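Two complexes, one shared chain (chain A), two partners (chain B, chain C).
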Partner chain A sequence: MRWCLALLICALVAAVNALSSSGSRLLVVLDDTTEKSSYSTLWSDLEGRGYDLSFESPKSDQLSLFAHGERAYDHLLILPPKSKGLGPALTPKHILDFLNKDGNIVLALSGKSSTSSAISSLLLELDVHLSNDRSAVVIDHFNYDTLSAAEKHDVLLLQRPNALRTDVKAFFDGEGVLALPRVAPQTLGSDSQLLAPILKAPTTAYAYNPKEEMPSPDDIESTGSQLNVVSAIQARNSARFTVLGSVEALEDKWFSASVKAPNGKKVPTVNREFAKQLTGWTFKETGVLKVGKIEHHLATDGEVAAEDLNPKIYRIKNETVFNIEVSEYVYDKWVPFEVPGDDKLQLEFTMLSPFHRLALQPTSRTETSAVYSTQFVTPDQHGIFSFRVNYKRPFLTNIEEKHEVTVRHFAHDEYPRSWAISGGWVWIAGLWSVIGGFLAFVVVWLYSAPTADKAKKTQ
Partner chain B sequence: MAKSSLDLLLKGSSGQNTRGLLRIVILLTIAAAAVASRLFSVIRFESIIHEFDPWFNFRATKYLVENGFYSFWDWFDDRTWHPLGRVTGGTLYPGLMVTSGVIYHILRFLTIPVDIRNVCVLLAPGFSGLTALAMYLLTCEMSTSPSAGLLAAAFMGITPGYISRSVAGSYDNEAIAIFLLVFTFYLWIKAVKNGSIMWGALAALFYGYMVSAWGGYVFITNLIPLHVFVLLCMGRYSSRTYIAYTTWYALGTLGSMQIPFVGFLPIRNSDHMAALGVFGLLQLVAFAEFVRGFLPGKQFQKLLTSMVLLTFGLGFAGLVLLTVSGVIAPWSGRFYSLWDTGYAKIHIPIIASVSEHQPTAWPAFFFDLNFLIWLFPAGVFLCFQKLKDEHVFVIIYAVLSSYFAGVMVRLMLTLTPVVCVAAALALSAVLDHFLVLSKPSPESQAKANAVDAKSYQGMKSPIVGIYSHFSKAFVSGSMTLYLLIFVAHCTWVTSNAYSSPSVVLASRAPDGSQMIIDDYREAYYWLRQNTPDNAKIMSWWDYGYQIGGMADRPTLVDNNTWNNTHIATVGKAMSSREEVSYPILRQHDVDYVLVVFGGLLGYSGDDLNKFLWMVRIAEGIWPDEVKERDFFTARGEYRVDEEATPTMKNSLMYKMSYYNYQSLFPSGQAVDRVRGVRLPAESPQLNTLEEAFTSENWIIRIFKVKDLDNLGREHSNAVAFDKGLKRKRASKERALAF
Partner chain C sequence: MHLWQATLPFCLLASAALPVAAASAWGFTDATVAVQPKGAGVNSGFKESLSSSKPLSQPVSFAGADTLRVILTTQEGSSAKRPHQAFLLLKDSQTGLDISYPFTVKENGKSRVELTQKELPIQFLSLSEPIDARVVIGSFGSSEAYDSSVFSLSIDRDPDHPVPTIEAARYGKLPEIHHIFKDAATSPPVIITLAFVALVGASLPILAGLWLLLGANVNHISSAFKSAPLPHAIFLGSLFAFEGIFFLYYTSWNLFQILPVAAAAGAVAFVSGSRALGEVQGRRLAGLR
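Let's turn to the complex of A and B:
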């Protein structure tokens, strides 16, 4: 009873408070409290979305990401520190441990000062690279704010990004212009599947350290859309880590500013909406998938009895049905998940390699979830198979379901009987004719014995 | 008066009864001695299943007892050969399990609450008592001497050659198969002697039981036809032989085909073709005998030769045709290795890697049979002297099994019964002549001869006998001494060599006290209690059955070596670099890897000593990726120390064996006590595995396979980061290159 009550209370608390699907404790790491006031709109926005904000300085003694071996916070927002590093409580190792324990992180960088080497080596572990001297800024002579950076051209004006690919949902799109002052650019390693760019620099952009003189073209490592303004890493456990190149874009000043592109009109920025999308995604308010019931059973007409659901063992050549229930979290509620555009949710029936790879079709939906299902015949190969649904897309949490079942051979009484096989009739006829012939022979032999007096005569 | 009462007991009809009673008492005592001498291991260790294969039999028996016969018949075992599984019900010889299942249920029915484990542990000793009785019956058919049967039974009861496979806990197919072998031979001899359908049918029945119990039934399948064939060649065809053989063959073949594992082999496999051929030949000979009655001699000769040539030609051509077209399976690899001892080493490393498939060392004959081995030829010689049908059988059996026992260690088991028969015949002949107190009197001898003399006038047999009491006493005394030494030897061998369960090891501490090394069970119980129920364990196949039985976890490969490729996969994973092995481990869902390491204790049966077999078996499938040569140094040595080849040092097996081992010793002092070498100062580094468990004496080491890195890094990079090493920026180097 007690745990029931506890569960109920938890559910109520969750319903009242957290809008994020994974907890509401948010730690903001920023250098000094004076700085705090310049982001007040962001804080009130976050609090309005149900987060409990705590503010700590990286130098603080009480700062610890873990308490009793568990995460002390659910999410982490790190603003660029003035000092060299993030202090002893936020070493790269701690931050990676936080990620490994399902914590989500937004890391903001700033092009104003050079990024600390600790952050750089942290990003290196995630295969995100900063510029060589860690103090480069993105410059674009075609997309800059003429009002605030007429000289330096270092305030980028960008459209919000569309979907990354056609088979991926867009989480950061919308109308309006973003103003991104003094962006510290990132480049992404090519061999990691966990990285995804959220916002790329325009093709006309390039990066250099404004304190130095203009670099020669040879020294520029990457230009244009190779440079990322905002990039995302989603770890295998679906923990999210977002790198935002420009911390200033979150300031109150830029939330409400108006900007004017070269030969454009003066328009208000949409930084505030973008900040909501960005923190919302990182802190698991959007793009979160949940697998509900998974059911597999033999194909039957009508209802399946509860004890026939999810059997541990099938036979070869069984007609089998597989159902999976998937929901998606959108800001404050679970909704049925719909596979975007030309993408497909697939089921694999695997032993060492897939024997079947089938597209799952949406068959029914409830208020909060969609049920995808398919039907197939188990292969003519016994062994330990698994139903696998392996759905990993950028910006969506990973679905990796694996359910082992045994596929056995025919039992001794499951083969067709000999008389049911027409090819066997020849042998059956042969068998019975031999038996009949032998019996007939015995009968004839017994009844054709020479009579007793005849035998006497021969003697 | 005492003398007269003794006379009363020993002479006349009551004397016969007394002898009969004595004989029964002696036989029961022999059976009891046979059982008792096999209980060393239970007394010294505990009631535990031994070695490797018995663990599978035990597990199968438990399944049978729990789930009943039909689900055992249809058993698909999903906890071995992951992920292939094994159609266990159709790929085993069920005789052993069914026997103990029946015994268990009978005992339950009699309200004796007994644990199935104890039934299994004590099955082999129980059946060895029966073997002694069967031996008595068989030998009694060979000799008129009353002592021969009893001696043979006693020999069979305690000879180490048989004890090696039938101590308590050695719950293997051979436990009941040797009894069935001897008893089937007894019934066969009975059938041939009497020409009786009943004995022939009984022989077929027990042959069927034998087929259900042991793959060695092929020995009977070939020996009995050979016996008949030799009898035919000796011109000893008789209707007795015809009746015995046709009854046995027809019923026995039908019976053997009822076992799913055997199925259609008796009509499709070359190993069984001899029986079929002799069956056909016997029909022809019978027909020829029939025709002989109606035809004059010369025509009959012509008919006979042409018929023999024709059938032989047709039969041979048919056999070749069917073999080439694949209807009849060609000889199996195991069969070839019986003729050419080098065959397996070249073509089937998996067979050669089993120690019991090695050729026998000569001392083993004396070790296992003691003085029986030199009485054996004498006994065979005595068979030549009498040379009735049954003696021909003993001679053929002796010749064949001597050869096989020389080729393969384990076939010593089939040699033992015939050695016991022959030795008992020889010894009883000696004792019958030397243990008689009265001198042979010429008068009585002459009287006895007088009967014969009527028929063979010229051939008066000379009076043979021993007159001197000294030589009688000397010979019977020395024979008694040999017998006593034999008993002492058997007890010593049984106690020292054959009673170790090999799951639990025993050694002596410096002060002479016994030390029990229980690492295997420690590790298996760790697995049982600390891993999820379906955690997949990869180990070399030797330990598959034990893991299945004791740890109750799924394994990749086990001692039922039916799939060479799968074993080679494990061999490849063990002998390759981590980068190669890790995808294999992931693909096969491996959760834990288990290795046996004897370096700390000096336990020589460890995986590094078996490692070359893994390499060879893997090389058989992937000759481009795994090369045995790479594991030897330039000078051709197999080394594990500083001089070891890079391939060796990078192999997963080497790394797992020596991982962290160096930390036990002062730096630079690490020593491997099995191979007797000093190891490199640096411990090998493992990136994709982490140590999960190491047993008390480091014999078993279990490693957990890491998941993919959560942040998508290479494992080596992740490990380096955890150690606090800074990563170099790739782009910096690139910038320098400009």
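Let's turn to the complex of A and C:
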């Protein structure tokens, strides 16, 4: 009986662990409850991963993202409303406030109807741009589903994306084909480093307003891989905002659909896995970094005593060791963080500007964390320095560590003695010859007898 | 089962025949690519006709002020028709960058697109390899869309004009920095130092020699020690002790260690010195000095 209880507690703990790293309260904003049933697989998947789902209509009076000035929910999933806007509780300002208070948001768009100007202005705040008339749909005559969109070519079939760059971790990759019906494309501003495309349209794709007959060349604003199907914003506080161009891709229908590309085979879609990856990433189940112990000390052979760890003061030209422990959250547990491919975790030793910027190498690992360390000589400049680890990468939460230490110069008794400096021997010899000369002079002055003939001369 | 096996070859045959019969494919004909230098006549400059099946073997050179013009007639099957999508797609295979320029298409399929270097993205201007120029023609329905490389475009820059670059801030690793330390203090070669030490050391014998030449001596030492042995011994001893104290201060002692010792030696030197110097005065008064 007792071990039954223990087992139950263990299971409960595991259930509690199988959660996002930043809370489980998820608010789904959708127009009417009839719509809710067409996404039932998504809801059950989310509930299975430990989220407490609340459903609200944007028109609802009770809907508020905040209670007593704090977030009332941890995550937000907004489905495109049929009405003009998202209502008074979800103005762009409220949504940005939610983001600023570390809330994560998935915003789904749909190319079926034109996007409301409220959403468009919210996205503009984040430097994500919709097409000018807000009702464009991505068309690709090469990668479409011949079964469901043989005529209109507006169901895109795409591979799951690989890593964005060689130095970025892939969170959305995998085998299989995604079906994305009626995608509302986004373009990203090029100046922001907070933006990252998750899924781009193929090079032959273009966007056009289906209400128009034939697009004139001037109507085509952007084409090919400049069009984003799914894009992500990670704010400076690591809160995440994902824009999904096609809300229909989350429907039960497309979770279990089979699709056929032109000249291709009939294959089942992997929308369900992708939805897990996408919501998992946005709601901080993946790509979350945590810093454990940070240790720095003078380089010594063997163990470092506890009192010698993290000293407040170093001397210039000290051989110093820096260790940082980093863990990554993957769905339900912390694992050792591995720096992706070409990337490097870097340590800066800075006073105003970095004097050293060195790659930290993995040296040891525990079950839940990896320890990265490096060894360097403190610069020959005294002052207030800091050990800084500023690791900001697309799709990973930010690490910003700053540990201040004083670097003093040599104390008077730490310099080499003058006799150890061969160039100083001449001066030392001069000093002692003066002393010898003085003593000889004293002896001569005390005991010298005048010479006979000289004494006569002077008299 | 048998029926299925029997019908399979027939289906394959039918599907092979199908494109000819029903599902036609998009393509183009009467295509030319021309590069017209600035200010030159319409038909001057480079001009080459394009084939929809095979790209041009030589890259098309596209210099600073030139206008690139591609003219073609789009076709569905073999009849000229206006497609929904007719793009000139420029694609760099190395960076994966792509951009499309839509053709202006008339109802009869006649299409043209004109392009200058100003319209290209800045990233294309700094590429060393020619970029791939493709024609993409597609439309709704079952007709197969066309996407094929037709020529490669080599973007030539005037070497006198710097290539504009664009630096977009992206999160990533930064270049490593290793602090450059100031040079350590160095000493001259020991041989030279030793030579100068020898020179300095030689000053003592030279001084002694000069004094001897001038008649310096210690002849009174015996009479002095006879008349006042203790004061002289202690006075000289305290002077030597002083230098010894300084030597210890130089090597190991600190100020607080030498001060009491130096005070004691000083007092001894004062008392014994007044006696010893009194004896010296006595010698002077006696006319011996």
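Points worth noting:
Here is the rule we use: the second predicted complex is superposed on the first by the 430 of 459 C-alpha atoms of A that agree within 3 Å, B and C clash if a C-alpha of one lies under 4 Å from a C-alpha of the other, contacts with A are read in each partner's own complex, and residues count from 1 in each chain.
To be clear about the criterion, a contact is a pair of C-beta atoms (placed from the backbone, for glycine too) under 8 Å apart; a residue touches a chain by one contact, two chains touch by 3 or more.
Quantities reported herein were computed from a predicted structural model and do not represent experimental measurements.
Once both complexes are superposed on chain A, the partners chain B and chain C fit side by side without clashing. When the two structures are aligned on the shared chain, A:L309 is found in touch with neither chain B nor chain C. By the touch criterion stated above, A:Q193 is placed in contact with chain B and with chain C alike.
Of the two partner chains, neither chain B nor chain C is touched by A:A299. When the two structures are aligned on the shared chain, A:A411 is found in touch with chain B, with no touch to chain C.
Contacts of A:N237 after superposition: chain B is touched, whereas chain C is not reached. Applying the stated contact rule after C-alpha superposition, one finds that A:A429 touches chain C and leaves chain B untouched. In the superposed model, more residues of chain A are touched by C than by the other of chain B and chain C.
In the superposed model, A:K344 makes contact with chain C only, not with chain B.
Shortest separation of chain B and chain C in the overlay equals 11 Å (C-alpha atoms, whole Å). On chain A, the surface patch touched by chain B in one complex and by chain C in the other comprises residues 193. Within the complex, the chain B residues that touch chain A are 70, 73-74, 76, 78, 82-85, 87, 90, 260, 534, 554, 587-588, 707-713, 717, 721-722, 726-727, 729, 731-732, 735, 738. Of all residues in chain A, only 139, 141-142, 150-153, 165, 167, 190-191, 193, 203-204, 206, 214-217, 220, 223-226, 262, 317, 342-344, 346, 348-349, 354-359, 377, 379-380, 392-394, 421-426, 429-430, 433, 435-437, 439-440, 442-444, 446-451, 454 touch chain C in the complex they form.
If you check the complex, the residues on chain A that touch chain B are 92-93, 96, 99-100, 121, 124-127, 129, 132, 192-195, 218, 221, 233, 235-237, 239, 313, 351-352, 382-385, 404, 406, 408-409, 411-412. The residues of chain C lying in touch with chain A in their complex are 82, 84-85, 87, 89, 91, 96-104, 113, 136, 138-142, 144-145, 147, 168-179, 181-182, 185-188, 190, 193-194, 196-197, 200-201, 203-204, 207-208, 211, 215-221, 224, 232, 236, 239-240, 243, 246, 276, 280, 288-289.
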